[in-house]
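Before I ask anything, let me first share the structure, which is written out below as structure tokens.
Per-chain residue numbering starts at 1, and chain names A, B, C and D are given in the order in which the chains are listed.
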Amino acid sequence: MTAFGYLGPEATFTEAALIRLLDERGITDAERVPMHNAEAALAGLVRGELDGAVVPIENSLEGGVPATLDALTRNGKLQIVAETLVQVTFVLAVRPGTQLSDIRSFATHPHGEAQTRTWISEHLGNAHFLPASSTAAAARDLAAGDVEYQAAICPALAAERYGLEVLAAGIGDRADAITRFVLVRTPADLPAPTGADKTTIVAVLSSDRAGALLELLEQFAARGVNMSRIESRPTGDGLGLYQFSIDLQGHIAEARMAEALMGVHRVARRMQFLGSYPAAAGDTVIVDPRTTDASFAEARAWLDTVLSTSRP
Amino acid sequence: MTAFGYLGPEATFTEAALIRLLDERGITDAERVPMHNAEAALAGLVRGELDGAVVPIENSLEGGVPATLDALTRNGKLQIVAETLVQVTFVLAVRPGTQLSDIRSFATHPHGEAQTRTWISEHLGNAHFLPASSTAAAARDLAAGDVEYQAAICPALAAERYGLEVLAAGIGDRADAITRFVLVRTPADLPAPTGADKTTIVAVLSSDRAGALLELLEQFAARGVNMSRIESRPTGDGLGLYQFSIDLQGHIAEARMAEALMGVHRVARRMQFLGSYPAAAGDTVIVDPRTTDASFAEARAWLDTVLSTSRP
Amino acid sequence: MTAFGYLGPEATFTEAALIRLLDERGITDAERVPMHNAEAALAGLVRGELDGAVVPIENSLEGGVPATLDALTRNGKLQIVAETLVQVTFVLAVRPGTQLSDIRSFATHPHGEAQTRTWISEHLGNAHFLPASSTAAAARDLAAGDVEYQAAICPALAAERYGLEVLAAGIGDRADAITRFVLVRTPADLPAPTGADKTTIVAVLSSDRAGALLELLEQFAARGVNMSRIESRPTGDGLGLYQFSIDLQGHIAEARMAEALMGVHRVARRMQFLGSYPAAAGDTVIVDPRTTDASFAEARAWLDTVLSTSRP
Amino acid sequence: MTAFGYLGPEATFTEAALIRLLDERGITDAERVPMHNAEAALAGLVRGELDGAVVPIENSLEGGVPATLDALTRNGKLQIVAETLVQVTFVLAVRPGTQLSDIRSFATHPHGEAQTRTWISEHLGNAHFLPASSTAAAARDLAAGDVEYQAAICPALAAERYGLEVLAAGIGDRADAITRFVLVRTPADLPAPTGADKTTIVAVLSSDRAGALLELLEQFAARGVNMSRIESRPTGDGLGLYQFSIDLQGHIAEARMAEALMGVHRVARRMQFLGSYPAAAGDTVIVDPRTTDASFAEARAWLDTVLSTSRP
């Protein structure tokens, strides 16, 4: 049996992401282990206690994103092998039998409250908000009974898990809130290229040199590699260094990506490869005919001919 | 009397940032108004009910950052006029007389708990965590009495505000956690250039065109304008558009920045100027001699001579 | 009456170019003055003795091209106001009545001989070549009589001018040999934009800085200005400086070109504007919608609004 | 015995260049074969009748430069293996015993006359110019006697070769006129890298795509390869293609150059490698530490580790 960790607590969006990722892989017998934080999940993976770990990496309402990237970067021994996008949508969950009009108080994580304020003010105008340590904890405690509130605002998964009844679904203010989760494993699990892949790296540049970022991007442009995400943060080391977290379109086993990453390896102060994996959106990467593997192979063959023709 | 809004609740890091920003301006009589969210604060500003609003814009533990940028961008009528960096550090606050050994439970926002877990496990190993809707609410309710817990983990400001005693300070796991807050006002309040300024913009580019970001950065490079922060996010409109949030070194009233922004205005699908303001770090921007205002003025004078010499 | 100088001698391709350029302007009464070299022609123009001067600037078989650019650059007070492309094609000219079989010797400039060697070996296999100081001098002296040769290889214009008969036309080896000539006048004569213009500049860059040329080209790329010709030469001053002679698509009175040239003025060690004038090919310059005059005007209007909104 | 061709006639600057190039190689027994033009010299080389050929490639007063490049490019089977810079300086040569005051006429190639006009007008004011097919032919015929002129303006080599006396040396108008000559051989003769090398290529780009040249230069910039010369010419094929002739600093056997050339091979419509050879100036190429062979090897080793770690 295998075990996969995830950023707990149980029954939050991260577990939902893990369930989906396991499902996509046809893994039905895995144990799902909630972890306190990303760092603990990754540490368990390095120690071999886990076969994988799921953590949020972008746009998470429940936090954890910078921590995830930091943990992955600091750890340095793991790689992203898959991603999935989860729509962050809340339900109003109650114990079976409770009516909307019975609700005088509700519990949820403060972020859950912030995200559903419009719906609450319309439908539960006078209800009192009680903070919980997580949206799922609010549901779990409600199901266990002996709490001061009659409803929990939580993910559908939590309602289902704890046997609660859903009085209203999709009650978040933003229908489009989506969080991106990644499945992290060891470098031995690098997925094969699919033609619709993403590569994630972290690069540290000196901010003292004008045009340092431009120089970095040239490494991608010269090989026709496109970016789909970039974020910069000061490294906070007082040396004027900036850390760039970047998603690229393509796979490290493709010639254009391999050469671009070697270029970044040369020009950046530090560079870390965080993985090549199928893009959740599934869109095939459109590759300029001049940067296909065939085009790189042709150029290499040409060079070999030039060099081999000369007398030793 | 003037009134300044801030992302509430009261006595959190955002109010601490506002207090410092008012102090730096020598404003002593302003009313400080806690607002539910960034959007509400900005709306109050637009309606003229507020003279300014302070919101977190980067690395906030209490959330709100993407919301702030979204609100500023959507609103479209306001500008950042100042920024300040606040060290996010927590204290353990109790009612006067309480000893460390008396603490069986403590309350704080779930993020506050996550940030102080190491200290807690060492010093309050067996204490029970009770979630609060904010770190300051935990302190306020403790001071008001009649709660199940004996300590609050909160900002120093909250302890002071509610007359609590600080048993330990600086108990966060990361000594370097810093949040960046901005003071937002109307375009009429554009600050004069100081030589150590920052400019914030949001630009929307088509991700379909290879090299779209490179093209954007060329607008900066061609005028010697450096970036200090960049973040991309899909716009989520299904059109393959990406939104870049960017901080630049310099002020829109400087020639190189003005020309670069006009360039971005031309090449981007949409571009929004979110303000030019003194950088909190206070470092004078180092300007290449070939991109000073004098150098731009000389080039303009040269052009005018060429054009004016020709016969009408 | 007006006077136009040209790189002599009389009846060569340069006079043919001048005749065409005057014709295009509807100037019928101009005196055409042959000059010893480009420098002398330009000097006469500066002294006010000439109203214009025609010199070869690219691909000339009779030499003079680097000299022309050098003379224009050194002079610094003149501008190109028009260009024309002349097909360099030779005729075999004889005194009326001479037959092909009568030709035992022929005269021409050594370059003329080099260019017609194929035809000569086929049709005048045994004829002897006598060098002349110019193709036209060969024709003139033949017409004057008293020479040792029976034919001249010269431009059609020279045959016509000196009353010679053309035995064969188009006898050059390369049917595609084209020389580009320019009409030089004073800055007061800057032509109005036509939408199908060219701009010629000379820029001096330090070759010590890696990427100096890339930086120069960025000035064009950032404003959507395309190049149609570039040539580099060491300046020979021992300082590692390189001189770039560049043709651009567009006119200095267009916003994108004006801003690009101001940019070059800032970043280059030295920059010289050698003129904006209608392209001989007549092709309308295709302008990216994001770099039209209207687009620049809109961006300027936007900037003015931002700056004017702020309180003085 | 070996045979080296050169652009004739005998005793001109090209033969002087060949003599120096043979001398540098310690080749003392080579036959030097004057050829009609560059194309003939290269054809002889391809047929195996010659062991090498010397042709002018830049700034030649006697013409031949575009022809040389065209011939090399069209031929496609040869490479430049060395270059040398020759100062183009003329002498006034006479038969032994002739005095300056005896000179009533002088002969030279028309370009030689153009280059020495200042000296002539000062020292031989009334002397008559007689054109010759080459500067060396003027000297040879003078030595042979039976000519109408008393002096030849020619290279020092021609005076020496034909036993003439030099009345004055260095009589050219421009002391700095320098022509660059190259020694062409077969690809089997590719010289080993010296650390102070040059690489010459010809690339054909579509001029229809804005930024095509910028894209080409990115291939060099991304690998830290500097250019020392660039020239563009329309290809004249009516397809809007431009041909760029480029000299780069470095050798194809160096990693950064090899990868850059493979990049150009991918993005250009056509690309031709014309040789890697020691630069005449002898200056060691300064290589950015991030683009040394060691840096490329390190990047490759890193990539290999990433790829080899994954499970097959």
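In this text, a residue touches a chain if its C-beta (ideal position, glycine included) is under 8 Å from a C-beta of that chain, and two chains touch if they have at least 3 such contacts.
Since the structure is predicted, the reported quantities are computational estimates derived from the model, not experimental observations.
K.L.:
Which chains are in contact with both subunit A and subunit D?
P.N.:
Intersection of subunit A and subunit D contact lists gives nothing.
K.L.:
Regarding the subunit C and subunit D pair, does the interface count as same (over half of residue numbers shared) or different (under half shared)?
P.N.:
Shared-number fraction above one half, so same.
K.L.:
So how far apart, in whole Å, are subunit C and subunit D when each is placed at the average of its C-alpha atoms?
P.N.:
So the centre of subunit C lies 24 Å away from the centre of subunit D.
K.L.:
Using Cα averages as centroids, what's the distance between subunit A and subunit C in whole Å?
P.N.:
61
K.L.:
Counting only residues that touch at least two other chains, what does the list for subunit A look like?
P.N.:
Correct list: 218, 221.
K.L.:
Dump the list of chain pairs that touch, please.
P.N.:
A-B, A-D, B-C, C-D
K.L.:
Please output the residues of subunit C touching subunit D within their complex, sorted ascending.
P.N.:
So the residues of subunit C in touch with subunit D come to 36-37, 59, 61, 63, 66, 109-111, 113-114, 117, 129, 131-134, 137, 176, 178, 207, 210-211, 213-214, 217-218, 221, 224, 226-233, 236, 242, 288.
K.L.:
Would you mind writing out the residues of subunit D in touch with subunit A in their complex?
P.N.:
Counting only subunit D, the residues touching subunit A are 187-190, 215, 218-219, 221-223, 252-253, 258-259, 261-263, 265-267, 273, 290-291, 295-296, 298-300, 302-303, 306-307, 309-311.
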